[in-house]
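The block underneath contains the structure these notes are about, expressed in C-alpha coordinates.
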Amino acid sequence: MSPTRPETALAELGLSLPGLRPRAGNYVGSVRAGDLLFLSGQGADGWTGRVGAELSVAQGREAARDCALNLLAQTRDALGSLDRVGQIVKLLGFVACTEDFRDAPKVIDGASDLLAHLFGGRGQHARSAIGVQALPLGFAVEVEMVVAVAPREDGA
Amino acid sequence: MSPTRPETALAELGLSLPGLRPRAGNYVGSVRAGDLLFLSGQGADGWTGRVGAELSVAQGREAARDCALNLLAQTRDALGSLDRVGQIVKLLGFVACTEDFRDAPKVIDGASDLLAHLFGGRGQHARSAIGVQALPLGFAVEVEMVVAVAPREDGA
Amino acid sequence: MSPTRPETALAELGLSLPGLRPRAGNYVGSVRAGDLLFLSGQGADGWTGRVGAELSVAQGREAARDCALNLLAQTRDALGSLDRVGQIVKLLGFVACTEDFRDAPKVIDGASDLLAHLFGGRGQHARSAIGVQALPLGFAVEVEMVVAVAPREDGA
(Lines give C-alpha, C1' and ligand atoms only; values in the text may rest on other atoms or scores of the structure.)
Protein backbone atom coordinates (compact mmCIF):
# COMPACT_ATOMS: atom_id res chain seq x y z
CA MET A 1 0.00 0.00 0.00
CA SER A 2 1.44 3.33 -0.96
CA PRO A 3 1.70 6.14 1.63
CA THR A 4 -0.95 8.83 1.81
CA ARG A 5 -0.25 11.59 -0.68
CA PRO A 6 0.66 14.95 0.91
CA GLU A 7 -2.36 16.79 -0.50
CA THR A 8 -4.68 14.04 0.70
CA ALA A 9 -3.17 14.24 4.19
CA LEU A 10 -3.63 18.02 4.08
CA ALA A 11 -7.31 17.67 3.19
CA GLU A 12 -7.77 15.16 6.02
CA LEU A 13 -6.58 17.91 8.39
CA GLY A 14 -9.24 20.21 6.96
CA LEU A 15 -6.54 22.36 5.35
CA SER A 16 -5.79 23.30 1.77
CA LEU A 17 -3.04 25.14 -0.02
CA PRO A 18 -3.63 28.90 -0.17
CA GLY A 19 -3.13 31.02 -3.27
CA LEU A 20 0.34 32.42 -3.88
CA ARG A 21 0.96 35.49 -1.74
CA PRO A 22 1.95 38.66 -3.61
CA ARG A 23 5.69 39.24 -3.45
CA ALA A 24 6.97 42.09 -1.27
CA GLY A 25 9.83 42.99 -3.62
CA ASN A 26 11.87 42.17 -6.72
CA TYR A 27 12.33 38.41 -6.25
CA VAL A 28 10.62 35.15 -7.16
CA GLY A 29 8.99 32.52 -4.97
CA SER A 30 11.60 29.85 -5.64
CA VAL A 31 14.60 28.98 -7.76
CA ARG A 32 15.66 25.48 -8.68
CA ALA A 33 19.34 24.61 -8.93
CA GLY A 34 19.99 21.01 -9.85
CA ASP A 35 17.90 18.84 -7.56
CA LEU A 36 17.47 21.56 -4.93
CA LEU A 37 14.57 24.01 -4.80
CA PHE A 38 15.37 27.15 -2.79
CA LEU A 39 12.22 28.91 -1.57
CA SER A 40 11.88 32.55 -0.59
CA GLY A 41 10.91 33.32 2.99
CA GLN A 42 7.15 33.30 3.56
CA GLY A 43 5.27 35.13 6.29
CA ALA A 44 1.60 34.54 7.09
CA ASP A 45 -1.11 37.14 6.59
CA GLY A 46 -3.09 38.05 9.68
CA TRP A 47 -0.26 37.30 12.10
CA THR A 48 1.60 40.48 12.98
CA GLY A 49 3.36 41.65 16.13
CA ARG A 50 6.00 40.15 18.40
CA VAL A 51 5.65 36.70 19.96
CA GLY A 52 6.05 37.09 23.72
CA ALA A 53 4.33 40.49 23.61
CA GLU A 54 1.36 40.93 21.24
CA LEU A 55 1.17 37.20 20.38
CA SER A 56 1.34 34.04 22.48
CA VAL A 57 3.50 31.04 21.64
CA ALA A 58 0.33 29.19 20.57
CA GLN A 59 -0.53 32.00 18.16
CA GLY A 60 3.05 31.99 16.88
CA ARG A 61 2.72 28.26 16.17
CA GLU A 62 -0.38 28.91 14.08
CA ALA A 63 1.48 31.62 12.19
CA ALA A 64 4.37 29.21 11.52
CA ARG A 65 1.94 26.57 10.23
CA ASP A 66 0.50 29.15 7.86
CA CYS A 67 4.03 30.05 6.70
CA ALA A 68 4.51 26.35 5.87
CA LEU A 69 1.27 26.31 3.89
CA ASN A 70 2.50 29.32 1.91
CA LEU A 71 5.82 27.55 1.28
CA LEU A 72 4.00 24.44 0.08
CA ALA A 73 1.85 26.52 -2.26
CA GLN A 74 5.09 27.84 -3.79
CA THR A 75 6.50 24.33 -3.93
CA ARG A 76 3.48 23.02 -5.84
CA ASP A 77 3.67 26.03 -8.15
CA ALA A 78 7.31 25.25 -8.92
CA LEU A 79 7.12 21.46 -9.19
CA GLY A 80 3.55 20.91 -10.38
CA SER A 81 2.69 18.62 -7.46
CA LEU A 82 3.71 18.04 -3.86
CA ASP A 83 4.35 14.44 -4.91
CA ARG A 84 7.58 15.72 -6.47
CA VAL A 85 9.02 16.59 -3.03
CA GLY A 86 11.85 14.12 -2.46
CA GLN A 87 12.83 15.52 0.93
CA ILE A 88 12.22 18.62 2.99
CA VAL A 89 15.91 19.45 3.52
CA LYS A 90 16.14 22.58 5.65
CA LEU A 91 14.04 25.24 7.32
CA LEU A 92 15.27 28.58 8.58
CA GLY A 93 12.59 30.09 10.83
CA PHE A 94 12.53 33.65 12.10
CA VAL A 95 10.36 34.80 15.00
CA ALA A 96 9.84 38.50 15.76
CA CYS A 97 10.05 38.51 19.55
CA THR A 98 11.06 40.22 22.75
CA GLU A 99 14.69 40.14 23.96
CA ASP A 100 13.99 37.57 26.67
CA PHE A 101 12.08 35.16 24.40
CA ARG A 102 13.42 31.59 24.56
CA ASP A 103 10.79 29.61 22.68
CA ALA A 104 11.49 30.10 18.99
CA PRO A 105 11.68 26.27 18.61
CA LYS A 106 8.13 25.86 19.94
CA VAL A 107 6.90 28.47 17.48
CA ILE A 108 8.65 27.02 14.43
CA ASP A 109 7.37 23.55 15.35
CA GLY A 110 4.08 24.83 13.95
CA ALA A 111 5.72 24.54 10.51
CA SER A 112 7.80 21.45 11.28
CA ASP A 113 4.91 19.44 12.72
CA LEU A 114 2.83 20.03 9.59
CA LEU A 115 5.66 19.05 7.24
CA ALA A 116 6.50 15.91 9.24
CA HIS A 117 2.81 14.93 9.25
CA LEU A 118 2.28 15.49 5.53
CA PHE A 119 5.48 13.94 4.22
CA GLY A 120 6.47 11.36 6.84
CA GLY A 121 10.17 10.52 6.61
CA ARG A 122 10.51 12.79 3.57
CA GLY A 123 9.35 15.63 5.84
CA GLN A 124 12.10 15.23 8.46
CA HIS A 125 14.29 18.27 8.02
CA ALA A 126 17.26 20.16 9.43
CA ARG A 127 16.34 23.50 10.98
CA SER A 128 17.38 26.66 12.77
CA ALA A 129 14.93 28.84 14.69
CA ILE A 130 15.99 32.41 15.44
CA GLY A 131 14.43 35.31 17.33
CA VAL A 132 14.75 38.56 15.41
CA GLN A 133 14.13 42.28 15.72
CA ALA A 134 11.55 42.78 12.98
CA LEU A 135 10.10 41.02 9.94
CA PRO A 136 8.68 42.34 6.66
CA LEU A 137 5.21 43.92 6.89
CA GLY A 138 5.28 43.39 10.66
CA PHE A 139 4.97 39.60 10.34
CA ALA A 140 5.34 37.61 13.57
CA VAL A 141 6.97 34.65 11.83
CA GLU A 142 8.79 34.02 8.57
CA VAL A 143 10.14 30.69 7.31
CA GLU A 144 12.34 29.83 4.34
CA MET A 145 12.90 26.30 3.02
CA VAL A 146 15.14 24.13 0.86
CA VAL A 147 13.55 21.09 -0.81
CA ALA A 148 15.19 18.19 -2.64
CA VAL A 149 13.23 17.36 -5.78
CA ALA A 150 12.35 13.71 -6.43
CA PRO A 151 13.16 12.28 -9.86
CA ARG A 152 10.18 12.08 -12.20
CA GLU A 153 8.92 8.58 -12.79
CA ASP A 154 9.44 9.01 -16.51
CA GLY A 155 13.08 9.94 -15.81
CA ALA A 156 12.68 13.52 -17.06
CA MET B 1 21.63 39.14 -30.85
CA SER B 2 23.21 38.13 -27.58
CA PRO B 3 22.15 39.78 -24.33
CA THR B 4 24.20 42.56 -22.79
CA ARG B 5 27.03 41.16 -20.67
CA PRO B 6 26.67 41.88 -16.94
CA GLU B 7 29.83 43.96 -16.68
CA THR B 8 28.77 46.03 -19.70
CA ALA B 9 25.36 46.64 -18.12
CA LEU B 10 27.13 47.66 -14.92
CA ALA B 11 29.31 50.18 -16.75
CA GLU B 12 26.23 51.61 -18.48
CA LEU B 13 24.86 52.38 -15.00
CA GLY B 14 28.08 54.26 -14.22
CA LEU B 15 29.05 51.55 -11.72
CA SER B 16 32.01 49.21 -11.48
CA LEU B 17 33.02 46.31 -9.28
CA PRO B 18 34.87 47.42 -6.14
CA GLY B 19 38.01 45.77 -4.82
CA LEU B 20 37.55 42.83 -2.49
CA ARG B 21 36.76 44.01 1.03
CA PRO B 22 39.09 42.78 3.79
CA ARG B 23 37.58 39.87 5.70
CA ALA B 24 36.40 40.49 9.25
CA GLY B 25 37.43 37.03 10.51
CA ASN B 26 38.72 33.57 9.72
CA TYR B 27 36.67 32.74 6.64
CA VAL B 28 36.87 33.08 2.86
CA GLY B 29 34.78 35.10 0.42
CA SER B 30 33.15 32.10 -1.21
CA VAL B 31 33.24 28.32 -1.44
CA ARG B 32 32.15 26.32 -4.46
CA ALA B 33 30.43 22.98 -3.97
CA GLY B 34 29.49 21.27 -7.21
CA ASP B 35 27.67 23.82 -9.36
CA LEU B 36 26.78 26.07 -6.41
CA LEU B 37 28.88 28.99 -5.20
CA PHE B 38 28.12 29.96 -1.59
CA LEU B 39 29.19 33.55 -0.83
CA SER B 40 29.96 35.02 2.57
CA GLY B 41 27.78 37.85 3.80
CA GLN B 42 28.90 41.28 2.58
CA GLY B 43 28.23 44.62 4.22
CA ALA B 44 28.92 47.96 2.58
CA ASP B 45 31.51 50.43 3.85
CA GLY B 46 30.20 53.87 4.73
CA TRP B 47 26.72 52.66 5.65
CA THR B 48 26.45 52.17 9.40
CA GLY B 49 23.59 52.57 11.86
CA ARG B 50 20.02 51.32 11.99
CA VAL B 51 17.56 51.80 9.14
CA GLY B 52 14.49 53.52 10.57
CA ALA B 53 16.64 55.52 12.99
CA GLU B 54 20.03 56.81 11.74
CA LEU B 55 19.35 55.83 8.11
CA SER B 56 16.33 56.20 5.83
CA VAL B 57 14.89 53.42 3.68
CA ALA B 58 16.41 55.15 0.63
CA GLN B 59 19.84 55.10 2.26
CA GLY B 60 19.34 51.45 3.21
CA ARG B 61 18.60 50.67 -0.44
CA GLU B 62 21.89 52.25 -1.47
CA ALA B 63 23.68 50.21 1.18
CA ALA B 64 22.04 47.02 -0.14
CA ARG B 65 23.09 47.87 -3.69
CA ASP B 66 26.66 48.29 -2.47
CA CYS B 67 26.44 44.92 -0.70
CA ALA B 68 25.45 43.40 -4.05
CA LEU B 69 28.44 45.03 -5.74
CA ASN B 70 30.71 43.53 -3.07
CA LEU B 71 29.09 40.11 -3.63
CA LEU B 72 29.62 40.42 -7.39
CA ALA B 73 33.28 41.35 -6.85
CA GLN B 74 33.65 38.09 -4.88
CA THR B 75 31.77 36.20 -7.57
CA ARG B 76 34.10 37.46 -10.30
CA ASP B 77 37.09 36.65 -8.10
CA ALA B 78 35.85 33.07 -7.68
CA LEU B 79 34.66 32.38 -11.24
CA GLY B 80 36.94 34.61 -13.30
CA SER B 81 34.05 36.44 -14.95
CA LEU B 82 30.45 37.39 -14.22
CA ASP B 83 29.62 35.65 -17.49
CA ARG B 84 30.00 32.38 -15.58
CA VAL B 85 26.92 33.17 -13.45
CA GLY B 86 24.28 30.66 -14.51
CA GLN B 87 21.65 31.88 -12.06
CA ILE B 88 21.45 34.05 -8.97
CA VAL B 89 19.75 31.43 -6.79
CA LYS B 90 19.15 32.92 -3.35
CA LEU B 91 19.74 36.06 -1.30
CA LEU B 92 19.48 36.33 2.46
CA GLY B 93 19.41 40.01 3.40
CA PHE B 94 19.79 41.38 6.92
CA VAL B 95 18.81 44.94 7.89
CA ALA B 96 19.87 46.44 11.22
CA CYS B 97 16.72 48.26 12.24
CA THR B 98 14.34 49.44 14.93
CA GLU B 99 11.77 47.05 16.44
CA ASP B 100 8.85 48.59 14.55
CA PHE B 101 10.57 48.52 11.15
CA ARG B 102 8.48 46.84 8.43
CA ASP B 103 10.35 47.68 5.25
CA ALA B 104 13.25 45.22 5.03
CA PRO B 105 11.99 44.14 1.56
CA LYS B 106 12.25 47.73 0.25
CA VAL B 107 15.81 47.93 1.57
CA ILE B 108 16.97 44.60 0.13
CA ASP B 109 15.40 45.51 -3.22
CA GLY B 110 18.48 47.73 -3.60
CA ALA B 111 20.45 44.52 -4.13
CA SER B 112 17.72 42.61 -5.97
CA ASP B 113 17.01 45.42 -8.45
CA LEU B 114 20.68 45.60 -9.43
CA LEU B 115 20.98 41.82 -9.89
CA ALA B 116 17.77 41.61 -11.93
CA HIS B 117 18.96 44.49 -14.12
CA LEU B 118 22.44 43.08 -14.73
CA PHE B 119 21.52 39.43 -15.30
CA GLY B 120 17.96 39.53 -16.64
CA GLY B 121 16.22 36.17 -16.15
CA ARG B 122 19.42 34.72 -14.70
CA GLY B 123 19.19 37.40 -12.00
CA GLN B 124 15.73 36.42 -10.74
CA HIS B 125 16.33 34.92 -7.33
CA ALA B 126 14.65 33.55 -4.22
CA ARG B 127 15.09 35.76 -1.15
CA SER B 128 14.43 36.42 2.50
CA ALA B 129 14.77 39.88 4.07
CA ILE B 130 15.10 40.05 7.85
CA GLY B 131 15.37 42.88 10.37
CA VAL B 132 18.08 42.20 12.95
CA GLN B 133 19.54 43.57 16.16
CA ALA B 134 23.09 44.35 15.02
CA LEU B 135 25.49 43.62 12.16
CA PRO B 136 29.28 43.31 12.03
CA LEU B 137 31.21 46.60 12.28
CA GLY B 138 27.92 48.43 12.76
CA PHE B 139 26.81 47.83 9.16
CA ALA B 140 23.26 48.86 8.31
CA VAL B 141 22.80 46.04 5.78
CA GLU B 142 24.43 42.68 5.05
CA VAL B 143 23.56 40.30 2.21
CA GLU B 144 24.69 36.75 1.50
CA MET B 145 24.15 34.93 -1.81
CA VAL B 146 24.09 31.52 -3.50
CA VAL B 147 24.94 31.40 -7.21
CA ALA B 148 24.59 28.54 -9.69
CA VAL B 149 27.65 28.36 -11.92
CA ALA B 150 27.14 28.08 -15.68
CA PRO B 151 29.00 25.33 -17.52
CA ARG B 152 32.10 26.52 -19.35
CA GLU B 153 31.73 26.62 -23.10
CA ASP B 154 34.70 24.30 -23.47
CA GLY B 155 32.92 21.84 -21.15
CA ALA B 156 35.57 22.14 -18.39
CA MET C 1 52.87 12.07 4.59
CA SER C 2 49.16 12.33 5.02
CA PRO C 3 47.66 15.27 6.92
CA THR C 4 46.62 14.92 10.54
CA ARG C 5 43.15 13.44 10.82
CA PRO C 6 40.54 15.85 12.24
CA GLU C 7 39.79 13.74 15.32
CA THR C 8 43.50 13.41 16.05
CA ALA C 9 43.93 17.17 15.78
CA LEU C 10 40.96 17.59 18.12
CA ALA C 11 42.52 15.29 20.72
CA GLU C 12 45.81 17.20 20.47
CA LEU C 13 43.87 20.32 21.53
CA GLY C 14 42.59 18.40 24.55
CA LEU C 15 39.07 18.41 23.09
CA SER C 16 36.70 15.66 22.12
CA LEU C 17 33.33 15.45 20.40
CA PRO C 18 30.42 15.79 22.81
CA GLY C 19 27.35 13.58 22.78
CA LEU C 20 24.48 14.65 20.54
CA ARG C 21 22.43 17.37 22.18
CA PRO C 22 18.70 16.68 22.59
CA ARG C 23 16.67 18.39 19.90
CA ALA C 24 14.54 21.36 20.90
CA GLY C 25 11.71 20.53 18.47
CA ASN C 26 10.43 18.41 15.61
CA TYR C 27 13.50 18.32 13.37
CA VAL C 28 16.62 16.21 12.83
CA GLY C 29 20.30 17.07 13.29
CA SER C 30 21.14 16.99 9.61
CA VAL C 31 19.81 16.10 6.19
CA ARG C 32 21.93 15.03 3.25
CA ALA C 33 20.97 16.09 -0.26
CA GLY C 34 23.34 14.85 -2.93
CA ASP C 35 26.87 15.69 -1.80
CA LEU C 36 25.74 18.40 0.63
CA LEU C 37 25.00 17.84 4.31
CA PHE C 38 22.76 20.56 5.81
CA LEU C 39 23.10 20.73 9.60
CA SER C 40 20.58 22.15 12.04
CA GLY C 41 21.64 25.14 14.11
CA GLN C 42 23.48 24.20 17.29
CA GLY C 43 23.76 26.23 20.46
CA ALA C 44 26.10 25.42 23.33
CA ASP C 45 24.92 24.40 26.78
CA GLY C 46 26.12 26.57 29.64
CA TRP C 47 26.39 29.72 27.54
CA THR C 48 23.26 31.83 27.90
CA GLY C 49 22.66 35.57 27.86
CA ARG C 50 23.58 38.37 25.48
CA VAL C 51 27.14 39.01 24.34
CA GLY C 52 27.98 42.62 25.14
CA ALA C 53 25.87 42.48 28.32
CA GLU C 54 25.93 39.24 30.36
CA LEU C 55 28.80 37.71 28.35
CA SER C 56 32.10 39.10 27.06
CA VAL C 57 33.37 38.63 23.50
CA ALA C 58 35.88 36.09 24.86
CA GLN C 59 33.06 34.09 26.43
CA GLY C 60 31.07 34.34 23.22
CA ARG C 61 34.07 32.88 21.34
CA GLU C 62 34.10 29.90 23.68
CA ALA C 63 30.38 29.43 23.14
CA ALA C 64 30.90 29.51 19.36
CA ARG C 65 33.67 26.91 19.62
CA ASP C 66 31.31 24.67 21.57
CA CYS C 67 28.63 25.18 18.88
CA ALA C 68 31.19 23.95 16.34
CA LEU C 69 31.90 20.88 18.47
CA ASN C 70 28.19 20.13 18.58
CA LEU C 71 28.00 20.55 14.80
CA LEU C 72 30.93 18.17 14.33
CA ALA C 73 29.29 15.59 16.61
CA GLN C 74 26.26 15.73 14.31
CA THR C 75 28.51 15.51 11.26
CA ARG C 76 30.22 12.38 12.55
CA ASP C 77 26.82 10.92 13.43
CA ALA C 78 25.62 11.50 9.86
CA LEU C 79 28.76 10.49 7.95
CA GLY C 80 30.32 7.92 10.27
CA SER C 81 33.63 9.79 10.47
CA LEU C 82 34.95 13.35 10.22
CA ASP C 83 37.29 11.97 7.54
CA ARG C 84 34.28 12.06 5.22
CA VAL C 85 34.17 15.89 5.35
CA GLY C 86 35.20 17.05 1.89
CA GLN C 87 34.82 20.75 2.65
CA ILE C 88 33.25 22.94 5.29
CA VAL C 89 31.17 25.01 2.85
CA LYS C 90 29.22 27.61 4.83
CA LEU C 91 28.52 28.78 8.36
CA LEU C 92 25.69 31.03 9.44
CA GLY C 93 26.40 32.27 12.95
CA PHE C 94 23.91 34.07 15.19
CA VAL C 95 24.93 36.04 18.28
CA ALA C 96 22.35 37.18 20.84
CA CYS C 97 23.62 40.68 21.61
CA THR C 98 22.91 44.28 22.49
CA GLU C 99 21.83 46.78 19.80
CA ASP C 100 25.23 48.48 19.67
CA PHE C 101 27.24 45.25 19.38
CA ARG C 102 29.69 45.25 16.46
CA ASP C 103 31.80 42.17 17.09
CA ALA C 104 29.76 39.19 15.86
CA PRO C 105 32.71 38.21 13.60
CA LYS C 106 35.07 37.95 16.59
CA VAL C 107 32.55 35.74 18.36
CA ILE C 108 31.91 33.41 15.43
CA ASP C 109 35.66 33.11 14.87
CA GLY C 110 35.53 30.77 17.88
CA ALA C 111 33.84 28.26 15.56
CA SER C 112 35.77 29.19 12.41
CA ASP C 113 39.19 28.99 14.07
CA LEU C 114 38.49 25.46 15.29
CA LEU C 115 37.24 24.28 11.90
CA ALA C 116 40.20 25.82 10.06
CA HIS C 117 42.59 24.21 12.52
CA LEU C 118 41.03 20.75 12.35
CA PHE C 119 40.45 20.54 8.61
CA GLY C 120 43.12 22.80 7.10
CA GLY C 121 42.15 23.89 3.57
CA ARG C 122 39.04 21.73 3.75
CA GLY C 123 37.99 23.84 6.75
CA GLN C 124 38.08 27.18 4.94
CA HIS C 125 34.45 28.21 4.65
CA ALA C 126 32.12 31.00 3.58
CA ARG C 127 30.30 32.65 6.47
CA SER C 128 27.87 35.26 7.73
CA ALA C 129 27.81 36.45 11.35
CA ILE C 130 24.65 38.20 12.55
CA GLY C 131 23.60 39.82 15.82
CA VAL C 132 20.06 38.82 16.80
CA GLN C 133 17.36 39.53 19.34
CA ALA C 134 17.07 36.15 21.04
CA LEU C 135 18.07 32.51 20.54
CA PRO C 136 16.42 29.23 21.58
CA LEU C 137 16.70 28.39 25.30
CA GLY C 138 18.45 31.71 25.90
CA PHE C 139 21.62 30.60 24.07
CA ALA C 140 24.25 33.29 23.52
CA VAL C 141 25.38 31.83 20.19
CA GLU C 142 23.96 29.48 17.57
CA VAL C 143 25.70 28.26 14.40
CA GLU C 144 24.39 26.28 11.44
CA MET C 145 26.61 24.65 8.79
CA VAL C 146 26.68 23.18 5.29
CA VAL C 147 29.29 20.50 4.58
CA ALA C 148 30.33 18.95 1.26
CA VAL C 149 30.74 15.20 1.66
CA ALA C 150 33.92 13.58 0.30
CA PRO C 151 33.52 10.55 -1.96
CA ARG C 152 34.11 7.22 -0.22
CA GLU C 153 37.35 5.54 -1.17
CA ASP C 154 35.44 2.49 -2.31
CA GLY C 155 33.38 4.74 -4.58
CA ALA C 156 30.12 4.10 -2.72
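By letter and in written order, the chains are A, B and C; residue numbering begins at 1 in each of them.
Note that in this section contacts are C-beta pairs under 8 Å (C-beta built on N, C-alpha and C of every residue); 3 or more make two chains touch, one makes a residue touch a chain.
Keep in mind that what you see is a predicted model, and the values were worked out from it rather than measured.
Trainee: Would you kindly give the rotation angle relating chain B to chain C, two copies of one sequence, based on a CA superposition and rounded to a multiple of 5 degrees?
Mentor: Best-fit rotation on C-alpha atoms: 120 degrees.
Trainee: Quick one: compare the interface residues of chain A with those of chain B and tell me same or different, with half as the dividing line.
Mentor: different
Trainee: So, what's the distance in Å between the C-alpha centres of chain B and chain A?
Mentor: Whole-Å distance between the two chain centres: 25.
Trainee: Pull out every residue in chain A that's touching 2 or more other chains.
Mentor: Residues 34, 92, 132-133 of chain A each touch two or more of the other chains.
Trainee: Which part of chain B faces chain A closely enough to touch in the complex?
Mentor: 34-36, 87-92, 97-106, 108-109, 112-113, 116, 124-133, 146, 148
Trainee: Under the definition above, what is the set of chain A residues touching chain B in their complex?
Mentor: Of all residues in chain A, those touching chain B are 24-31, 33-34, 38-41, 50, 92, 94, 96, 132-138, 142, 144.
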